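Got some structures for you, see below.
Next come two complexes built around chain A: one with chain B, the other with chain C.
Moving on to the complex of A and B:
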């Protein structure tokens, strides 16, 4: 039992990290799966989920819960506008894939640093979703972590139901399988691309709200989350929801074990080594589906 | 002579292009006479970045491999040469080649996973590679100088002239490498190898069916471009006398990517011009502080949205126009 206690603690923290990462990278997967865009600005959306919530809380003195919900909801129109202004025109020109990468990279640099200019560089942070600790014998777990797990499961269920059961979700899956066929049966591709981008931005906002209480909200957080999400989505296979989910939990668990037994420092090198091994064996990631 | 008017125009155009190149080279050689050390410094940085941008353009623009590992190769070259010199006491001249070779080795290793993947996957894997380098630098502790940086690498010296005392030597070394490496890149683009790169980029399966060995050329382009980039990394840190993980920062990456897209992907001279523009612009924006990265981001977006073919498109049409004008003004036509 004495040996098992730290082990179980590590597994619990691995699960929590995994669920955090799953929400973090799901937006990337959706955008790639449906619009064939790799969105480098996803980290900036995550960051802005934190900024909006912080801003509404401290400057408008809104109720915490209201700020969280509004902070996430604001990102929906933001994502829509980004798709309309930047990606919609590019879709009609050659070299869309690489142009989209470079444009979203530019957007990431712009949005990522805009927060410091608008709000000043002092440290910003937001409260945890719920305060307090849950004790079960020798194990303790914060309420925020439990909330993270619950929210992750809720989001994944919502996405699953949305993609399977609603007309909109079915249309989105149709596009990801065959854009031309989807167009022939009368699906408005442009509107759905914008919708997907908006939905992904809002998902980024949710993970921003979950991540922000753990760190200060700084431009660096946006990049760190983006690079973690990059590794997760290649590992799981670009555009595969299942792959992203499994990748997030494997890498989250790995991170928990490494930081327990080797030190935090080794997490990124180990992730990279594992990524290279997976790519050598399965070049498209665990569940990659691209043609 | 039976020459069509269109051919004649091309000859005039070529004459104009060649004379521009010679004129520009003369101006660059004479530039230090202007005497302002600040501008000489900026020109020197522009030479280095122009070579980096052209080598990146070779792999991304011509070969169509979306490698985003450019700064990582730059850092590998920078650190491997300085490490060997500081701790191994080796002269910086072989250090320059060593910087290039170790970056080429890194490129060789990265090329292998990239053989089996395509497009965006290569972007992401090379971005991940870029992200790991600073971790290894931090891991090095006092050996690599961690966050503070590695200092005290020896200066180059030639015929008894120490480059640290005679800073102008750095200018001419950088100019020499700028000319030689650009000539090599230019020749590669025009050679059969360059044709193979473009063929694989434009129609991979067709090129392969004609017997172009994709794996071979992909590895070769990775090795060549990272060798050149690594050499520039070595020169860069020797000139600045410090190697820090800051060379991998997103702002520098943003600057480099603007050089390539503003110049025009797969367009040779445009990238050189935009490297000079971006280096100078970046320096003048230094006073803008926090706003600078925002401006860089905005420039990237604006270039992609407004000038997708970059400066080269503008330069080409200018030459075509000038060539046609010259042709119509030729003696004997009146």
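Moving on to the complex of A and C:
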């Protein structure tokens, strides 16, 4: 029992981290899989999700749940507009992939600095979703952690059902497998690229909202989360939803164990070591199929 | 139904179609014959909107379509059945077919069309839950045609459907194309190198060389020998 209790706590915290990381990285992998864009602004969307929630909670004294929904409702159209305004004009020109990197990198810097100006650079905190602690014998878990787990799993399930069962989701998978084939059947690729970008921005925003109570919201959050999401997505296989999901849980679990037994300091080095090992064996990541 | 007037298309630097004009009437099967690299496939891609022409115009049912994006052209009722298949390898056979009915007009009819495709190609019904990449070459060709049928089109442009198939399968594919034309009333443009079988199922034929149409006639009047010796050699 003495060994078991901390072990189970570590596993639970690994599951929570994994599900948060899965939501955090999913937008990045969707945009790559469907539009072949590596979106460097993804971290900025995560950061802005946090900013919106903080702003709505503290300035308008809105309830956390309402702020979460509003934050997402704002980021979805923002993602749509970004695609239409910045990426759509470049898509039919040569060197799109490189130009898209420069544009999204520029957007990340712009959104980061705009956040500094609008919200200030002070560290911000958001209260936990709910307070309280659930006890089961010697195990304890906060209500906040349970809520986080429920929300993230619900989002991931929703996404999976959406991609598998709806016509729109199937069309997204179709584009990632053969864009010319998708054109041939009459799919309006430009509209689906915009939709994917909007969905990715909203997913990024939700993850920003969900991780905000665990960490401080600082201007650096954008780059830190992007950095983590990049490792997760490359580890799982660029463009693969399944790979990103499994990668997020493996790396989340690893993080929980390392921070418990070795200390937080070792998390990043260990992630990299594992990533390098995987890339040696599978150069495209666990489930990568891109050519 | 389809009127193509003096189109010129470039493939990068290559002038692939030079002043090409032709017409297709309702209910016809029209064949385009010629050697590889002489513009037949480019012609189909141009008509379907995959490779818009630089000059000239294309009218479908009396309305200009050559300035439209491809998804609008599919909406108007032209569907392209590509040579290199362009199926969705990791979707199931059924999902591939449903994607064929993506456009709004076809979505309403997709269950009916799906049944029609299964009737035409029973093997697809047997394999409907299989991933497309696990199909054989012949089955993939049938799925490509089946996916095209799902869009409730009026005009189907088929690019070398017999390429890479065993002789027996080639015959089957040609028979099916004729069947689609006769039973569904679909107008068909067919690009091929198999002169004999193509002329057997088509009403009219055009022969292409160097990006131009060199002659045209009713399929019965076209000489298999002449085409094979002079234009396919």
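Note that the second predicted complex is superposed on the first by the 291 of 291 C-alpha atoms of A that agree within 3 Å, B and C clash if a C-alpha of one lies under 4 Å from a C-alpha of the other, contacts with A are read in each partner's own complex, and residues count from 1 in each chain.
One rule holds in what follows: contacts are C-beta pairs under 8 Å (C-beta built on N, C-alpha and C of every residue); 3 or more make two chains touch, one makes a residue touch a chain.
Keep in mind the model is a prediction, meaning the values are calculated, not measured.
Judged by the touch definition given at the top, the superposed model places A:116 against chain B, while chain C stays out of reach. Of the two partner chains, neither chain B nor chain C is touched by A:3. By the touch criterion defined above, A:184 lies against chain C but remains apart from chain B after alignment on the C-alpha atoms of chain A.
Contacts of A:136 after superposition on the shared chain: neither chain B nor chain C is touched. Contact with chain C, but none with chain B, is seen for A:167 once the two complexes are overlaid on the shared chain. Legend: residue contacts after superposition of the two complexes on their common chain; A:234 is shown touching chain B, with no touch to chain C. For chain A, the partner touching the most residues, choosing from chain B and chain C, is B. In the superposition on chain A, no residue of chain A contacts both chain B and chain C. Taken together, the chain A residues at the contact with chain B in this complex read 32, 38, 86, 89-90, 93, 95, 97-99, 101-103, 105-114, 116-117, 121, 223, 227, 230-231, 233-234, 238, 265, 268-269, 272, 275-276, 279-280, 283-284, 290.
Interface of chain A with chain C (complex): residues 167, 170-171, 173-174, 177-178, 180-189. Interface residues of chain B facing chain A in the complex, by the touch rule stated above, are 66, 112-113, 116-121, 123-125, 127-129, 131-132, 135-136, 138-139, 250-251, 254, 257, 261, 265, 290-291, 293-294, 296-301, 304-305, 308.
Within the complex formed with chain A, the residues of chain C that make contact are 48, 50, 69-71, 74-75, 79-80, 82, 86-91, 95, 98-100, 102-103, 107, 147, 151.
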